[in-house]
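Here chain A shows up in two complexes: once beside chain B, once beside chain C.
Moving on, here comes the complex of A and B:
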């Protein structure tokens, strides 16, 4: 390939028509409450790991809806369950994280 | 897109375009990129349509590109613009036609700024007087040269030797239009048809027999973006915009692209080579690219000018498949012969993008 001294930069666009959402659908089959997330961010605000690692259940759910790999986020979770206590939609976020982690095994 | 809605938008954004007596200013870069385009503008307007189009050798850069690259303060750009207006005033004209979209946007921005801040206009007048002893009147009408070709599109259609129609199927050619960002995105009222669905190129294509094809990223920038391109480290962003447009138009079977800006046809044409080298992908049929033409080149083609006199051999993407489709005759052996049949030498051909 010819060296031009620069390359085609990857676009940050998320094409929802092409994004693979199989993992999100798989998760929803195990944790149907995932679908009720309204992206309020209460989980992220209360998460102890968030300020050190960027962990956020909201980001995890959004990432899955966009077909992105969310494993780096998951690895920081301590499964403490604080996010489950604050979720206004009553989503069992701790179980959601566990189910999702298992789906990557 | 609802067609009736588009019609309404087009009706709301019509601008007055006088029929004759234009002071014409060239672009700094178009003659290097597409050398016959401006020549074709004067040829068509003066010799085919019999219009009075005046130009002066004393015209210089408008400062637009330097201004948008942040290497020139706006007051300096304004004083340069004031000098151009002074040249127009001295020549006895009041209709100003710029061939460059950056210039057109620059002139529109300067006039609007003077309208909002008259004290700034007074200062610029003073600076121009101190520097050059010149005075000026502001143009009564400001147009881009594509506005003028749009205005005379039906007269061109009457004299056309070819129509933008597939000679085998009789179907109108599937053409995408790309409007330079500075044409109407800054001041929608200054462009024919507004900013969202400019009609200026669509009108030409429709009256010359083709059909305009909508695609999702139609209004996306070609990627030039001044600083994106001029700083080599940023060029990847420049080309990624072009790539996004081609990816978006891919499903629609576009056969040609027509543009009205100096940079857009250049980048959309040349970057097809870059994208092909980097990704192995081409967007035309059978390994060819999609030809990108300026509106003057397109007008020249329908009027029956020799494609090689229109400078089409300097395009990266081969134009021959398009010429064959319309049925425009050309001599393949004369492709790289210049003025007076001087041999221009053959360029080396790309590995992936098919060219002649």
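Moving on, here comes the complex of A and C:
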């Protein structure tokens, strides 16, 4: 048999009909300001962990809205709070990360 | 005798309203705190979207209102309610009784030094949109080097920023940034030019054409991410950090000039006279229109009207249209209709 190099891979499409956003909703109950993120990226740009680990509060919030598992991002956070200082929407990002981490315990 | 109408502020809003009130047979009295008319527009170089010289507009308006009473370098010391109007007291000792007053006191440019992370007033090559307009108009500016290799524009400086106390979008600065980026590229064809934006709000007639042109003809690069901090290298170049949110990676770049798009914010002076005659002030600090659809020109007090950027961020054509509408509304009011 010829090997055409095809294999079955998981679809890369975000399927909003199937994306479970329960965790996002749970987070918003504890950190309602999470809903006001405008994806400006200030948090990620200023984050000391970002350039090594890919940590980004923006990606965490977006990931949750899309039903993704964001734990790999969170593990690099040092809870330094720099992101909270720069967020133009005044989101308490540090508390958001804490609330989210607890929800995974 | 012709009836007086007091106009607070001699920017383009006050000037255009004065012109219309003259045509309608009134005596407009402009009270302007500065030593010249034209307000902010007198400082700008070319106006989008037609790129006509701003100075021409101010000159045309000045000529049209030569018969108005104009008090320059004059402030309002107090305004008092009468049963049938107002008495406006001026810093030059004059007091004017009138049945109608037009508020045309405009906006204030956000003080960019308040956003310390951008280094305005700290680093040598950080300027504002307003500084750049003055430089286009021929003012010297040692912060602008002769041969910049890379230039950045930071959108939303002091706008859309709850920490700076302004949740509102200034609405003209996306377009101003695209316009100024093109103008700089024309002067410095070898420079790389970047716009750091969160959303591009190019809502007006022909604005999108500027965007397309900026991409196609001028090679301006648009980076979707808010600049988080600015530093300086040993060679006195600026080091700018943002997240390139579209690639999802932190980004840094060295620049020779950074232009901050300072936003339009409320003029805090109006709060004083607003309080004494109980004019409503909106949550954004601007004077509050009676309503924002059909009553933008009206205040909550009879005989007190508004035009231009004193009620919110406005473009020049919007300001002029409101000034004409306000003049007619005042006419209607004074006729008792």
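Going forward, the second predicted complex is superposed on the first by the 98 of 105 C-alpha atoms of A that agree within 3 Å, B and C clash if a C-alpha of one lies under 4 Å from a C-alpha of the other, contacts with A are read in each partner's own complex, and residues count from 1 in each chain.
The working rule: contacts are C-beta pairs under 8 Å (C-beta built on N, C-alpha and C of every residue); 3 or more make two chains touch, one makes a residue touch a chain.
What you see is a predicted model; the values in this text were computed from it and never measured.
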item: Residues of chain A touched, compared between chain B and chain C (which is higher); value: C
item: Touched partner set for A:52, first chain B, second chain C, both or neither; value: neither
item: Chain A positions touched by chain B in one structure and by chain C in the second; value: none
item: Residues of chain B touching chain A in the complex; value: 232-233, 235-237, 239-240, 243-244, 274-275, 277-279, 351
item: Complex contact set, residues of chain A against chain B; value: 1-2, 4-11, 13
item: Partner chain C, residues of chain A touching it in the complex; value: 38-47, 50-51, 54, 56, 58-59, 86-90
item: Complex interface listing, chain C residues touching chain A; value: 117, 156, 160-164, 198-199, 224-229, 241-245, 248, 250-251
